[in-house]
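Letters A, B, C, D and E mark the chains as written, and numbering starts fresh at 1 in each.
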Amino acid sequence: MSLLRVENLSKHYVFNRSLGQRLTGAPQRVVRAVNGVSLSVKKGEILGLIGESGCGKSTLGRAILRLHEPSSGRVVFDGTDVTALPAAELKAMRRRMQIIFQDPYASLNPRRTVADIVGLPLALHGIASGAEARRITAEVLERVGLRASQLDRYPHQFSGGQRQRIGIARALVSNPDFVVCDEPVSALDVSIQAQIIALLLELKRDLGLTYLFISHDISVIGYLADRVAVMYLGEIVESGPVISVLENPRHPYTQSLLSAVPDVGPRRSRPRVRLQGDLPSPLNPPAGCKFHTRCPLAVAACKTLVPEKRAIGPDHSAACHRLEEGLSLLEDVR
Amino acid sequence: MSLGKLLERIIQLIPVLLGVSLIVFVMLALTPGDPVQIMVGEQSITPEQEAELRRELGLDRPLAERFLRFVADAVRFDFGQSYYHGRPVADVIAERLPATIELSLVALIVALVTAIPLGVLAAIRKNSVFDRLATIGSLLGVSLPGFWFGILLIMLFAVHLQILPVSGRIGYSSEVPTVTGFLLIDTLVAGNVSAFGEALRYLLLPAITLGLPMTAILMRVTRTSMLEVMRQDYITFAEAKGLPRRLVLYRHALKNALIPTVSVAAIETGSLLGGNMIVETVFGWPGLGRLVVESIFLRNYPLVQAAVLLYAVTYVLLNFLADILYTLLNPRVKL
Amino acid sequence: MSDAAFAPAPQADSLFRRNLREFRSNRLGMASVIVVLIFVIMAVAAPLVAPQDPNETDLMRRLQPPAWMPGGEWAFLLGCDALGRDILSRIIYGARISIFIGVAVIVLATGVGILAGLAAGYFRGWVDVVIGRVVDILLGFPYLIFAIGLMAMMGPGLFNIVLALAYKEWVIPCRVVRGETLAVRELEYVEAARALGAGSRHIMWREILPNILSPVIVVSTIRMANVIILEASLSFLGLGVQPPTASWGSMVADGRAFILEAWWVSTFPGVAILLLVLAINVASQALRDAFDPRFSE
Amino acid sequence: ADLIVGFTRDADTLDPANHRNRETETIIRNLHDGLLTRDANMLVVPEIAESMTQISATEYEFKIRSGIKFHDGSEMTAEDVKFTLDRIALEGAMGGQTSPRQSLIGPVASVEVTAPDTVRIVLSEPWPILPAMLPNQQIVSRAFVEAQGNEGLATAVNGTGPFRLVEWRKGDAVIMERFDDYYGGAADIAPVGKACVDRVIFKIIPESASRVAALLAGEVHIINELPVFSMAQVEANDGTEVMTVNGTRSFFIAMNMEGEHFDDLRVRQAAAMAIDKDLIIDRILGGTAAPIDGILSPDAFGASSLPSLGYDPERAKALLAEAGFPNGIDITLDTEGPFKDTAEAIASMLSKAGIRTTVAVGEGAQLTDKWRTKGGAKSGDMYFTSWGNGSLDPFDIFTPTHRTNDRGNSAGYSNPELDALLDAAAIELDSEKRAAMYHEAELMINADQPYVYLWVPKDIYGVSKRVSGWQPSADSRINLHDACLN
Amino acid sequence: MTVLLEVTNLRTEFVARAGLVRAVDGVSLKVSRGECLGVVGESGSGKSVTFSSVMGLVRSPGRVTQGTIFFDGQDLRAMSGEEMRAIRGRDIAMTMQDALTALNPALTVGQQLAEVLEAHDETLPRGRMARRAAIRDRAVEMLGLVGIPSPDQRLRQYPHEFSGGMRQRIMIAIALACRPKLLVADEPTTALDVTIQAQVLELISDIRARLGMAVVLITHDLGVVAEHCDRVMVMYAGQVVEEGPTDEVIAQPRHPYTRGLLASIPRPALRGQPLTPIEGQVPDLVGLPPQCRFHSRCPLARPECMVDVPMFEAGPGRGARCLRLEEMT
């Protein structure tokens, strides 16, 4: 049973044109940050979401939580259509769906103490107050590896890794079921990153949490996710069980992504795919398959036709016109 | 710069101008003191004559009608007759405006040419004696009441040392044909170098008095932004390229450091234009500011309305100009 | 988790206290704070400090020079003005007015500015547009002309002076607050609060406001210095406080007429303005160095 | 040589018929001449006119001099005189607009050219001060006005005065040069002939300190409105001196007789006795003012010596107590900014006598609205103000300030007996009788004390010692025809 | 191979509010001609400061207080500011982490390329016009070299008109304009996406091979080092804790920190196995006592470790700063 189902979700940012621009007929500018994304996450599962910078990962995460109002599509959480909830019920729902942010510096209010920050959900949802709230807060802090004695300190008195723990504690204090982790380790040093990953896995195991884990680092996703979705310019190009996708990537973008990851293993014998050019701007994305401008396998049809998502294996699907041909960039080069 | 942005600027101007004129209008209307009474003063006047005068000045109309008429006329650059001057307001203002603009511009130039090098130098020699002196100087500059400073300058340079004139725009021995109204330009057009020098001498003290606070502010802005820029990666990278120091400072640092200076200068110039009646009064400078203050006391409504509108337009235009300058300095911003 | 995780534990004090310590170590800054305090105490305790009744006229002492000049008297240390009133006592009492006006204008302006700026920056959209237009209009309206108009409209009086000075003053904190709010509202901790279910009110007052306050305070102190000078300018144009109360501005303005024959009448209050304004400026610069490192170099 | 006058205010216009401003007239009067003028003793003498005859109470005839030239070289005729007077007197005579100076020339019914060199003014009712008022109207050229239009006249000048306009730098200076074809000016005022200096420049310096500084620095040669406290310095300076002349403006304090305190004569008298006029004149006005006990200046027609209450604060307190205010009263004294100092000195004197006074500085237009209500309701207690009397004829100071509900009656004084007397005096042709009537009126107001009559200050000028042949004039004109610069 | 850069016992200190920060403390290193040295370490471990010191770019409040720096036989620390300027950009070039902030937003890319040629290139012709044309040609050539399409038009554009990867390449073009002997690439790819990162790194490798220059590649990604560098130097808290040929160091780390670092990297291959993170935090660099800097986090720490540990040799061309390095095999 899936805990979360996202159906055809889109988030378009429309840039308002000024009166002057309208008068001179400047075109309306729209960023299709998330474009018709569907996915589902089972209870207790970690869904990894990877993709390059600006492809819409964060937007998708926030749209699911309705931190950014989706432009269209549905988000069904535990049987409730989150996208249709009125404000009051949405607020209640926020107890159950939480988010952990990338930047341990920007995500904590520098003017409030740890007790304030972590205890905020308790106050907002009327769960507890006063000494009771403090007790709960202290417990959660201990849970994430901090100490109760640090309750009255300010964020600047903590290191990056400790701050990230505070952020995690804040997300956990209201006992959520589902947590969006928006690149929670990208800003951290390798040695600290490992600490946080270990903590997140431990929490998931102990509390039965479900994560949407966003990252641009395939190694991290490959290490901890159960399933993975690969995003390119606002769309999911390939998704499936993590092993299946990493071992047998079928979309040329996934393939090039995988080949680009540097690895500490012995000198690589892996082939390298060289993509041409840069990511197109989401302001005027290419027509047809959005990857065709950089795809070594692109054919004429790719420029005009939007590829359908097709199943490849159990729970594994990809959107590419040349899927059936069984071509692989990796093998090609080899 | 795109046509759209230009259009937009013009469209933005409309509510500002309407708002400004509405405020002046309401303000003047609510101000006690009857213009007719003030005109007549101590002389006797029959009620019929008074009514006649009132009608001539349009004061017998309801306020809303007067406002609409004012707006309608203003669109055609018709600002009515000045009660006191017996001439169109536009003419009266046009005669005074060049003096005010000239003074403000020279003050601005004085401020810019002293503030920028001083600010840069203070930033480069951060924490040096020079930097400290400059900082104290700039603090003094913003702490001195302008009128007091002006009078002190007159006492020193005009009365005691007698090396600069007390008041006015130019002496009366030189005749300068009016072309632009800006004496510094007109004297040059006339090829009269000694008159140019004279005009400059007359300008010096008022320009310094007017420009001083601005110099102080701009110097601090330049210093701060220069220090900020010097911390940027691109300065380190320029150093890493082994460029001569001069090039690093002036091509790489200064151009970026001037960006905040320009926008502050634009705002300050606005207040300079609107705020120089004090300097005009102290130095007998025949500018618009003094005229407007007198006109408020005389309830010379048409003149006040037109002048305030003019200030508003100037302010908006100045900021527009600053925006253009901004894009020249900062290609990231597209107008 | 091993204890080593918390290696060198930072002192458990607030950001504020740390900043305060920083501030105290700035000697020039402290000196100016002391100067400001002296002025404030002088103002509050004026009846105890002033050697004479500030409004007691004595035409026989008209323009009496300061004590150390021939014709001076030690009881009238800084000399007398045109009505024979003791200049020192008037400066002491004048501090009340000048400081009151400075503080009242800034408090009023900052309050309005914070409300407007927070609303504009947080809600954006039409709220921002409307506030932005109002700001444009006020900025396009020359300061002194408006002040003069307002004074002519409402007549002189302390309250009216405060209004005439504050009408546009709020634009400055408003702009600062708006800019900061726009920046802060995009920060993740604001988003976090929203994710936790916080409403607009909580976010504006509890999450955003405390974080934008220090630049506002810094700007406001600098502006306060400016307001004191502006009040003096109003006095120069004959729109100052009502007699016999003196503000420093009106003392300088009235005394300027005698500058040739009795320089002390306008010079001493002028020096008082200079001192206080300078002290406020220096203090605010130190304040900003300590509290808002972004502004300092 | 250039004679430069440091002057407080610029001319509003150079059209003699289109302003109501004293400073404007001062400037214009050097470019234009009038039918009549005044000599150093304020006596009205003919200027452009050769002679004046009063034919009846309402008819005056003027013989016009011949050979007078306008600056453009054209000859001035009686037609020009009629044109000038019509332009002022007739409704809508200035291109549809009526001259704002209309009321200054009285109830003119018509102006006729009765002979090529004779002009007759016919009044609709007697107006004895016509001769005293005519020096204030200047003759313009009909042809020139018709060519330039009324608006053109604001900046263009073609007068008959001793100087012709060179350039008007608005807000800065009016520059004039000697008119070499000048007919010489009033025959009764020596010397007759062309002006002495080559050029005259009225340089505008509104700020007093700057004006004095300019005089001391030698930049200007004459300044008006020299502040009292700068007198010593101007005197002490080597090249400059102070010149004073009796002014025409009477200062007084209006007491609101409709108010709760000043409806009682005893309170009004107490106020008068509380003020030490002599001390103020001595200390604040530098001794340059004449105390008055009635409305008229000592120089005015009909002025006479009057009983004085004197300075007696003790008696004042007693009177207050008698009036039912043993503990004194609290009142406000309204005044305008420039008189703040004096008003404060007065207030502190009043306070010492039990009339505890707060000074409220208001702005001119506002105070006019508040006090000169022409019979409308009044608020306020006291108003420190003044009234000008350029003609030095009681008619234009006595009536407006004391006649019931008249335009300058700030005290709200109403005395039907006095009203009748003033009305009668206005049309009395016999000057001796007229003087006696005004003396009687002065005694009435002296007894009723609607105002505390204070003083008539002198006009003070700072003058360079290089200037000779110039005297300040009581009507505050600065006539530079005779001035020379060494 | 001859040594191009030799740094001995370098110490760089900063005067900070909290106290004296020894950002670099006793760093010694060698770079041979044509070789690629990888420098890894956590944020704040002194990687950038080390090479800023080499280039003479440490600014107040920082100061190089000790050590020698020899480049191509010249003593850089003995040089005057002007002499250093002549070397910088010509013989040693540098690229920075974030290309957007490192390129001046107010100058066109062409200007920024031209000025370095103008400053250093002595082969340019004398005449004004000829000189200008020559500079232009060289600029176009350099942009072409780093793979920017239609370089002659792109020269007139401003940095913000390029994408992140292109900016990084432009910065590399500027650094390489004078064919330096040593390129210090400070985290050239950290701000870039994986696919672009691969492009840029390969570009550097290609050019290195073509021009035969030495490269110092600063990064905190061991994977990058593994793929591109001959030798690696691991820094921790201002010191070099281990160095040696890349393959050997990765295969067999001889310092507990290097070992912990390698174990901390999450890899798909490790799925299901617990990661073994290094516990604790990097120590604060203010007022550190002279002792092993890793001991508070080190699983092998012992009381003897509380001394200033020198660099021990750990095989041919290898060294590690650990008393117990023998035990780690």
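Criterion: contacts are C-beta pairs under 8 Å (C-beta built on N, C-alpha and C of every residue); 3 or more make two chains touch, one makes a residue touch a chain.
Each chain and its UniProt protein: A, E = ABC transporter ATP-binding protein; B, C = ABC transporter permease.
Worth saying up front: this structure is predicted, and the values here are computed from it rather than measured.
J.: Among the other chains, which touch subunit C and subunit D together?
T.: B
J.: Compute the shortest path length in steps from subunit A to subunit D over the network of touching chains.
T.: 2
J.: Using only Cα atoms to place each chain's centre, name the chain farthest from subunit E.
T.: D
J.: Could you tell me which chain lies farthest from subunit A when each chain's centre is the average position of its Cα atoms?
T.: Centre of mass proxy via C-alpha means gives D as farthest from subunit A.
J.: How many Å are there between the centre of subunit B and the centre of subunit C, using C-alpha atoms for each centre?
T.: 24
J.: Using CA atom averages as chain centres, what separation in Å is found between subunit B and subunit E?
T.: 53
J.: Determine the centre-to-centre distance between subunit B and subunit D, using the mean Cα coordinates as centres, and give it in whole Å.
T.: About 37 Å separates the centre of subunit B from that of subunit D.
J.: Distance from the CA centroid of subunit D to that of subunit E, rounded to the nearest Å?
T.: Here the centre of subunit E sits 89 Å away from the centre of subunit D.
J.: Name the residues of subunit A that each touch 2 or more other chains.
T.: In subunit A, 162 touch at least two other chains.
J.: Please set out, as single numbers or ranges, the residues of subunit B touching at least two other chains.
T.: 31-33, 151, 155, 159, 281, 297, in rising order.
J.: When you check subunit C against every other chain, which residues touch at least two of them?
T.: In subunit C, 1, 5, 152, 256, 259-260 touch at least two other chains.
J.: Note which residues of subunit C are touching subunit B in the complex, please.
T.: Residues in contact with subunit B: 133-134, 136-137, 139-146, 148-150, 152-153, 225-226, 229, 232-233, 236-237, 249, 252-253, 256, 259-260, 266, 270, 273-274, 277-278, 281-282, 285, 295, 297.
J.: Please output the residues of subunit E touching subunit B within their complex, sorted ascending.
T.: It is residues 52, 55, 57, 81, 84-90, 93-94, 96, 98, 101-107, 115-116, 119-120, 158, 160, 171, 174 of subunit E that touch subunit B.
J.: Give every residue of subunit D touching subunit C within the complex, in rising order.
T.: 208-209, 212-213, 216, 227, 229-230, 232-233, 279-280, 283-284, 337-338, 340-341, 343-345, 347-348, 358-363, 365-366
J.: For subunit D, which residues count as touching subunit B in their complex?
T.: Listed in rising order, the residues of subunit D that touch subunit B are 2, 4, 10, 12-13, 15, 18-21, 91, 97-98, 100, 102-104, 150-151, 154-155, 167, 169-173, 175, 199, 201, 203-207, 209-210, 213-214, 216-219, 363-366, 368-370, 372, 387-388, 396, 400, 407-408.
J.: Mind pulling up the subunit C residues that touch subunit A in the complex?
T.: 1, 5-6, 9-12, 14-15, 187-189, 191-199, 202, 206-207, 210-211
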